[in-house]
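Before anything else, here is the set of structures, which you'll find just below.
Okay, so chain A shows up in both of these, paired with chain B first and chain C after.
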Partner chain A sequence: MELTRPYVAAFSARFLLMLQYRAAAFAGFLTQCWWGAIKIMVYAAFYRTSHASTHPAITLAQVATYTWLNQGLLALMPWGCDPEVALAVRTGAVSHDRLRPVDTYAFWYARAAAYMTSRATPRALLMVFLAGIAMPLIGFHELSWAPPPSVAQAALFGLSLVLMVCLSSAFMMLLNVAVVVTLNDRWVSQSLNPLLVVLSGSLVPLALYPQWAQRALFFQPFAGIVDIPFRIYSGNLAGTPAYEGLALQMLWIVVLVWLGRAWMARVMRRLDVQGG
Partner chain B sequence: MNAIRLLIRYGSASVRAQMQYPFNAVMLGIGQFTATMIDMVAIWALFSRFGALDGWRLGDIAMFFGLVSVSFSVADFLSRGFDVLGTEFIKTGQLDRLLLRPRTLTLQLVGNDMRLSRFGRLAQGLLVLFIATVSLDFHWTVATLAIALWTVAGGTALFFGLAVIQGSMSFWTVESLEAMNVLTYGGVQAAQYPLSIYARWFRTFLIFVVPIGCVAYFPVLAILGKPDPLGAPAWFLTLSPLAGFVFLGASFLAWRVGVAKYASTGS
Partner chain C sequence: MPQIVVECLTKSYFVAERAPGLIGAVRGLVRRRRRRIEALTDVSFSLAHGELLGFIGPNGAGKSTTIKILSGILRPDTGRVEVDGLVPYEDRIRHVAHIGVVFGQRTQLWWDLPVIDGFDLLRDIYRVDRAAYIQTRDELVAMLRLERLLDQPVRQLSLGQRMRAEIAAALLHAPSILFLDEPTIGLDAPSKLAVRGFVKRLNRERGVTVLLTTHDMHDIDALAERVIVIGHGRVLADGTFDSLRDQIVAENPEEGDDTASLAIEEVIARFYHLHGASEV
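Take a look at the complex of A and B:
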């Protein structure tokens, strides 16, 4: 207990701070609703007007639920490094973090997880209310955010969601270390974001990409951030494939955390502190 | 004439400022290019999976997407001053300085910060138009080129108008209103696909409230020589980008109210 206390404290302090930005959360929510609505209308048009033989191994209703989940939980994706870390690197405050009697990787990791979950929570709750409760009530039942098909599937999703946060945080830590090296947060995120959007399933669900790419898409690390958890939620990934998905998420967390720690250890051995 | 010369000076000053960091400027441009080009990956994936979209081909979609991207990039290049009006001018009290100068606010805000990175999106729009041309084996004529330019003019006016409305609202909110991004970036997103596939309420919004359909969907039909599945008459297809200019005019009415209401903040 005593061992984890500083990391839990770092998590909760950051979580509460980020909840203060309500106006930004509202603007983000509006944008996400708009995007979700457009995407789903486009998917619906493709499904409606094409022959069933061309349809992917995921139903329109599952794609709709997947899209709302994705829009509601966009903040759980590693869009860039932790802005506080970038600032600490530029101002030299990073030396304070190094002086703390804690493991810097774990400390930053906890703060990254808090940053993402605190930004995601209010947006996701609003989205559940709109797409999950209000939409079915006013008659848009078919394309709304449907509940998981079974309790078992919901439980698996819960686990997968936790793994998604862990995986995203591990990615964010790689970006954090990259910022320590390059001192420029914008270029780092700018070069990774296209990959993240295309390969996670955030652009279009991975099942909608061509058949020949499906296996490779399932095994790459980004699938664990959007595609695997949201397909488990909708029941599209059930039984053995669902367990495979969870195992892949865990595998990539281990790999990325190991990579992040090794890289950080190398970088921190000789750190030039900026500012003055 | 004086105004245009001044605008060119403003423009060259802000370009020179950005070129102090040439690597940075180029990287930002490349970033905008890739970030916006990604949508073409989605369009490609969907067409390779489903084959067609209600009779529309990939090239048709690319034509919508390319033209609206070009319009938006031009407007975005010119309107950054309105975009950051709340945070950079009203909140800080800087706007007082602009008001004291013997030139219009609009001119000074247009010249305030012309971002070179917008050329990334422009390049993306042009590349997507090229993809459309090759994919459809489309032969441009003087008439279709003229309609395309007219569409871009109308589209630029519309997106500029949205920025002016965003600026006007910051006279009340002080902060720049991020929620307006729904209409600008979201508008580009919506205009990528033909209006005919959307739900009725959404279509109505995109034609009569914020007429993005009039600067993408209708004129592109005229360029492609297709009749409108929604039943709009042929003369309207070519004329529709005019709606962008009407929208711009209306946005300046809101702007006037806002400026008249302005009381200095900051210190």
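Take a look at the complex of A and C:
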């Protein structure tokens, strides 16, 4: 308890503070609804005309659920560095973080996780109401956000979702360290985004890519951010493949946290805080 | 045995240089020029438990760099530092648990949080026992007259109010050493007096070792028995303020009585001039 106390405190303080930004949450939600609706209409048209759709790798209903999950939980993806870290780097407030008797990596990691989950929570709840409850009520069953097929699958998804947050936070930490090195928070911190959008399965679910690419796509680190958890949710990834997916998520978390820690230790050794 | 030992500290860093204008920008794409700046060339001193030391020197002399090394943020190129038997930058986490630091030009409190929430967060970050925390906090609130500020967000405080809150924030974990980097910068007269009075009490009554940097000579006059003058990254003088004055008098014997009555600011300005220490 005593060991984790600073990190838990940093997480909850950030989470509660970020939850205050209601207007941003609502605006984000509206944009995500719009994109979700467009994407699902495109998929519906694609499935209706596709010849290979008798035994698809992923069904239209699964893709619809996947898309709503993705839109609702968009804030759980590492879209850039933590804005608080970027500000601290610009103003020199990084020194204050180094004055705390805590492990700086873990301290920033907890705050990154809080930043992402606090932004995702209100948006996801609104999305459940709209795509999960309202849509089936007005007759759009196949294109709505469906519940998981079984309790077991829901439990696996719960675990995979936690791992998704851990993995995203590990990615965000790499961006945070990159910003400390370059002092540039815009271009550097967004440099991963093209890879992130394509390889996470956020643009198109990875199961819809050609057969020959499937193994490679499954094993790369970004799959653990969107594709693996959301396919576990809909039951598209069940049994052994689901366990493999969870194991891969864990493996990449270990690798990226190790990488981020080693890099950060190196950078902090030759940190310059100028002026003042 | 001294609490803080600093020996032969050196620290340099590089600044990127670029010729002005378009040509300079294009040339900068191909070839980067870096210039080496010597922030500290030779700094040595030691400090006993319960001492109150004033650190003065012109802008860019290396005062803040020294404080940042002492507090474990920066690591020197060469030299030795020990604070309570620990090397700050080698044993950072254990070291910073026992020191308090205030940077007058920066805020350590969370901008959007009410003051009291920031204090509570620091309690958890420093793993302070809850009962001890409440006692320390209430004492600090009373001594620094923070009662009416506690539920205001930090961004709405005036500079004077914020500085009092910052000082309280740096002391919630009851550190045995306090580093103050320009704590009175930009404050109005009553706030300066409040800060000085508090620092003095803290040092006298609690025995907290204080090292402060300042450009306000009244801070030195009111607080420090011992002054270190730093310029060009080295220690130019280490002693009482009166010994500085004597040195100036000795250099200008023809002025006689005039020098003896010089204002404290004038003494310091002459001292910097004497050592060619003014910023270039």
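Some notes on this structure:
The working rule: the second predicted complex is superposed on the first by the 268 of 276 C-alpha atoms of A that agree within 3 Å, B and C clash if a C-alpha of one lies under 4 Å from a C-alpha of the other, contacts with A are read in each partner's own complex, and residues count from 1 in each chain.
Throughout what follows, contacts are C-beta pairs under 8 Å (C-beta built on N, C-alpha and C of every residue); 3 or more make two chains touch, one makes a residue touch a chain.
Here the structure is a predicted model, which is why all the values come from computation and not from measurement.
Because the two structures share chain A, they can be overlaid on it, and in that overlay chain B and chain C fit beside each other without clashing. In the superposition on chain A, A:G239 makes contact with neither chain B nor chain C. In the superposition on chain A, A:H96 makes contact with chain C only, while chain B stays out of contact range. Contact with chain B, but none with chain C, is seen for A:V42 once the two complexes are overlaid on the shared chain.
Of the two partner chains, chain B is the only one that A:L208 touches; chain C does not reach it.
More chain A residues lie in contact with B than with the other chain of the pair chain B and chain C. Legend: residue contacts after superposition of the two complexes on their common chain; A:P56 is shown touching chain B, with no touch to chain C.
Applying the stated contact rule after C-alpha superposition, one finds that A:V198 touches chain B and leaves chain C untouched. In the superposition on chain A, A:R269 makes contact with chain C only, not with chain B.
For the three-chain arrangement built by superposition, the Cα-centre angle with chain A at its corner and chain B and chain C at its ends equals 100°, in steps of 10.
Judged by the touch definition given at the top, the superposed model places A:L17 against chain C, while chain B stays out of reach. Legend: residue contacts after superposition of the two complexes on their common chain; A:G139 is shown touching neither chain B nor chain C. Of all C-alpha pairs spanning chain B and chain C in the superposed arrangement, the closest lie 8 Å apart. Once the two complexes are overlaid on chain A, none of the chain A residues touched by chain B in the first is touched by chain C in the second. The part of chain B that touches chain A in the complex is made up of residues 27-28, 31, 34-35, 38-39, 41-42, 45-46, 48-55, 175, 177-179, 181-182, 185-186, 189-190, 193, 197-199, 202.
Partner chain C is touched in their complex by these residues of chain A: 2, 5-6, 8-10, 13, 17, 91-93, 95-96, 98-103, 269-274, 276.
Those residues of chain C whose C-beta lies close enough to touch chain A in the complex are 13, 64, 68, 71-75, 92-94, 96-97, 99, 101, 103, 105-108, 110, 112-113, 117, 121, 124-127, 181. On the chain A side of its complex with chain B, the touching residues are 23-24, 26-28, 30-31, 34-35, 37-38, 41-43, 45-51, 54-56, 186-187, 190-191, 193-194, 197-198, 203-204, 208-210.
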